[in-house]
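So, here's a batch of structures to check.
Two complexes are shown next, each including chain A; its partner changes from chain B in the first to chain C in the second.
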Partner chain A sequence: MTDAPSTIAERSAEVLVRSTPTVIARRVRGLSDRAIAWLFITPTIALLLAINIFPLIWAVYLSFTNFRANRPNAEITGVGLRNYQRVLNDPDIWIAMQTTAHFVFWTILLQTVIGFSLAYLIDRKFRGHAFWTTVILIPMMLSPAVVGNFWRFLYQPQIGLFNYIVSYFSGIPPSSFEMLGSVSLAPWAIIIVDTWMWTPYVMLICLAGLRSIPDYIYEAAEVDRASAWRQFWSITVPMALPFIMLAVLFRGIENFKMFDMVMLLTGGGPGSTTEVASITLKREAFESWLTGRSSAFAIILFVAVFGLANIYVKALNKVKQR
Partner chain B sequence: MSSVNAAHSVVEPTPTSKRIAGAIVILYALVTMIPLAWIFLTSIKSPPDSISYPPKIVFSPTLEGYCNLFTTRTRQTPDYIQSLPPPTGTCDEITRSRNMVIAGPSNYWPRFGNSLVIAFGSTFLAVLLGTFAAYGFSRFRVPLADDLLFFILSTRMMPPIAVAIPIYLMYRQFGLSDTALGMILLYTAVNVSLAVWLLKGFIDEIPREYEEAAMIDGYTRLQAFWKVVLPQATTGIAATAIFCLIFAWNEYAFAVLLTSGSAQTAPSFIPTIIGEGGQDWPAVAAGTTIFLMPILVFTIILRKQLLRGITFGAVRK
Partner chain C sequence: MAEVILHGIAKTFGDAAAVDDLSLTIKDGEFVVLLGPTGAGKTTTLRLIAGLERPDKGRVTIAGADVGRQSPAERDIAFVFQQYSLYPHLSVYDNLAFPLRSPARRLSSDEVDHRVREVARMVRIDHKLENRSTRLSGGEMQRVAIGRALVRRPAIYLMDEPLSSLDAKLRAELRLELKRIQKDLNSTLLYVTHDQVEAMTMADRIGILSEGRLIQVGTPREIYADPANLHVAARLGQPHINLLPVDLLPGASAPTGARTVGARTEHLEIATAGAANAEVDWIEHLGDQNHLHIRVEGHKIVTLADPYLSVKPGDRVSLTLKQPLYFGTDGERLR
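Moving on, here comes the complex of A and B:
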């Protein structure tokens, strides 16, 4: 009802605009809407072109050359697709991709399970739930680099708090295991820190999903005497699914790019057991100075993120439409 | 059935289930706070206390970590220290008790200052550009609007190291390496995508009728934008600004690759704090505590807008 006058106003305004020649409109209104629209949008697009797209094109160009940034005066020669060939045939890079996949898979699994469970519990709306939700959210706002750096201290074998707590509950001597120094534990050390930091993120999105389910659906289920178990699996989970998938998408992209936290915790070590793709890329580009080759690798990574994200967004839309 | 129960919705959880849920959530919250509490506790421990086994929860607090964070020190002979005039401050005293003298200020505050300048500078620019662009996308029929918006978002999907390679070369060419201006431009470009997406959501929520009414009253489009839309969008702009600020404040990958000295920010400086014989953990903890404080405050201010911010405005609740 309240909308009616405004729509009429809108419609008449539109008629007016359409029937007024643009020249007159411009004189009356100053700048035309179209001019304002472009004036407002162009600076942003220009900045992104300069700082994001231009360098990207440059990287594409470099990926076909043998350029090395530490020898800027050496002659640049085109090498065709050789860089791409080398990257795709390099076993080290495939190991890095596997390490990344392992990291992404476990962090997403743990964060989704813990995050969703927490959201479900917070949605019970116990007394003080708003306060405790805020407390839980704190880790995800902090700098992964600075906090990751401090976790190195928590993980110290003899003096670290983490080892102490583990040994307190399990009886294993605290100096008998090294979270960061051991080949089998280091991948889990980074998964633990990432899960600690980012579970709140998944929790917050899941909570929004749970809160979006209207009460009347549960009331109807109650009338139909559906069990709590049944309600959970046929109402709660399917209706919260688009939100869970959104959280998985965002975490997936972020963790695929993971650099700072892992760099400071393990630096990719011991050996190369925690060397995720971004760290390999950093080594190739800024330590070995294989600029051309690393550009090729960077572009492969970018295409992979972009492609996976696109496929995932399509799946997400399908779930939403259901 | 009592009348209380009848008024109670069937979907309201029972008191017992609420109590159990509350207990588990509070337990989780307390466990996740342990690392943060440990950072603070370590910052007020003496170096021997910080590395004692078992880890000390009860200890006598000291400002040594903060003193070590703010100063550089040199070791001296006891005779030399004896010959000095009496200490002028707490830090002086603590340092001398370790057979050292303060040689000068450390790089912590300059690096912290760099972080402030770069974070505020880039936030200001990103929000400025973002507000205009968001208004443009929200109110006008822009050709290919969806494609442009997707393009803006996609720039954020690139792995930072992949972007850093050509940026590094470009900055070297233009003399922007290790300058605050270079970092401000870079962070602005990264943040503007977030700013556009968030602000478009906020501006979409302001009814067009307000501007239309103003324009009927004789305002031009620009005046209506300035005097009607902007005041209405203040909350959204403030929330967006804080999100941009937090990103720029926390960023490490670009900072460590593109700055080394004069423009180095705190996140790439803090891990390099070392004392005699390895990492000086109380000093690192002190630096971390000071660095994290502003974010803690902002998180509490922002708690109602967090969901929107972290999903690029996709989920608004």
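Moving on, here comes the complex of A and C:
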């Protein structure tokens, strides 16, 4: 045997070729590259169609009907745009939208400011910065269910650590306030948890931005007698801005549809003070069983997020092109 | 402008000595080029003067003052980096104005405008002042980078291979412009390169660096014609100097101890008549001149030849040495 395969790779390739049934081998060999490419992506596309695109189209269809999912046998009749009309004229839904906007605004503001500051500190490459990066990232790695549950304990007025710490620094008795039970504090309780959990994510993206700025630009600025303050505003911020904006986009989309944390912490209460749009949607769909109307609401939310995100991405591209 | 003196500076990174006991005086208004291969310590030397690195040993004085404790901003220097270190979100105008707008300088906006436009004309970028710095070609970016150094009137300009990333034509153009500008402004300039042509054409004096040590300093003429050792001789000359055993060719009158003969084109005499001792191997036609590849007893020699010299590969020729350079066993020059 003079042409025996020598390396392990060649040998295993040989084994693979021999073990492939001749029929398949012959058939694959006859296909064009394009056909093979389709062969590979078809299963994924089929799955996407089945679990993403079809339900979306189905929801659009349902939004024009009076369908109720708890009465699957009732006759489905088309109602035209009435569902949309009702949703847009419902004052409760507008209140939920306001709550959502308030929530999105404050979480993004806090997460961006704190996340960027942390990234800026970590980027100084002090001793042990890799260790601290890992520590900071831990909240992001936890499941929202876990986070929700343990913050419920932290917020517990009698035994909660959060209340205890606040009282330690401010002198207010720990059981005198209820983060989750008070109308004025409950929205902030959720904002605090979301910020705690997702600031590391913003930090990570900002850190990537800061690391992409080459050292020699700072050195040039230093030689040009730019103060640290001027370097920050004329180099660091403009050059990291596309990254910051990207983080804001991701968090914005995510928090617009915020559901799990609110559900776990307050369930929308007390009253409806923390009832964000997705909670209202869930109530309409699975408590009132107004499937058609809630579908219309879902479509409206989707179009709103999609539209806002598109406008934002245009702005982002403009910043990137500068 | 001022005199800059390095007193025995040294810098090590880990185990590697980047700069080793280097002393050099750059006189007021002088254009000094540090020439050496990659890793010879050229860039580190510049960064030590700029204050971007701190020396382990030695002192740097600018205009007579020890600047050892000063930050780059406090030292009166301008630096052009090898990469185009422009501020990417600013226009060409704002890039040029950036150093002047430092609060430490307290220049009026009229003064800034005047200086920026003057320098833009000097580096021929005045037609693109409003462009974003990222929308420029490589050559234009480097002009802006050089311009940003020139808007200031520092004690010394430090330039780290500013032309290395440009194409040959632009490099030749900017080389001339840079020399012209330096002469016009009568500025002190320390320039680092591995390109012997840049060194020979621009420098008042060249310093040859190798492994962190300054081997020889002198005018381009001195460095070329009178190299201190084999290393310096090998850095200059196109084609490269031919290094041959002492007794290979006739015409040598070697001093005692000489082991190697260094022969450039001007040290070789080619004759087609007479007793042949060499054979033409190959001829490269460059147009205005030819590179002649000649073989002598297994040694290869490359020399320039008149394109009208009528030889072809395979021809036997007579080679004679004419006052070549001699080097001892340690590589030092013997005179």
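Here, the second predicted complex is superposed on the first by the 292 of 322 C-alpha atoms of A that agree within 3 Å, B and C clash if a C-alpha of one lies under 4 Å from a C-alpha of the other, contacts with A are read in each partner's own complex, and residues count from 1 in each chain.
The working rule: contacts are C-beta pairs under 8 Å (C-beta built on N, C-alpha and C of every residue); 3 or more make two chains touch, one makes a residue touch a chain.
Everything quoted here is computed from the prediction, not taken from an experiment.
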When both partners are placed on the shared chain, which of chain B and chain C touches more of chain A: B
Touching partner for A:A315 - first (chain B), second (chain C), both, neither: neither
Touched partner set for A:L109, first chain B, second chain C, both or neither: neither
Partner chain in contact with A:P238 - chain B first, chain C second, else both or neither: second
Partner chain(s) touched by A:E219 [first = chain B, second = chain C, both, neither]: both
Which superposed partner A:L62 touches (first chain B, second chain C, both, neither): first
Partner chain in contact with A:S143 - chain B first, chain C second, else both or neither: first
Partner chain(s) touched by A:S295 [first = chain B, second = chain C, both, neither]: first
Residues of chain A contacting chain B in one complex and chain C in the other: 219, 222
List of chain A residues in touch with chain C within their complex: 214, 216-217, 219-227, 230, 234-235, 238-239, 322
Footprint of chain B on chain A - complex, ascending: 6, 9-10, 13, 29-31, 33-34, 36-41, 43-45, 47-48, 50-56, 58-59, 62, 69, 72, 118, 121-122, 124-129, 132-147, 149-154, 156, 158-161, 164-165, 174, 196, 200-201, 204-205, 208, 211-212, 215, 218-219, 222, 243, 246, 250, 253, 256-257, 259-260, 263-264, 277-278, 281-282, 285-286, 291, 294-295, 298-299, 301-302, 305-306, 309
Complex interface listing, chain B residues touching chain A: 9-11, 13, 17-19, 21-22, 24-26, 28-29, 32-36, 38-39, 42, 50-55, 129-130, 132-133, 135-137, 139-142, 148, 151-152, 154-155, 157-170, 172, 185-186, 188-189, 192-193, 196, 207-209, 212, 215, 220-222, 246, 249-253, 256-257, 266-268, 270-271, 279, 281, 284-285, 288, 291-292, 295-296, 298-300, 303, 306-307, 310-311, 314-315, 317
Residue ranges of chain C touching chain A (in the complex, touch as defined): 50, 52, 71-73, 77-79, 81, 83, 85, 87-90, 98-99, 102-105, 132, 134, 148
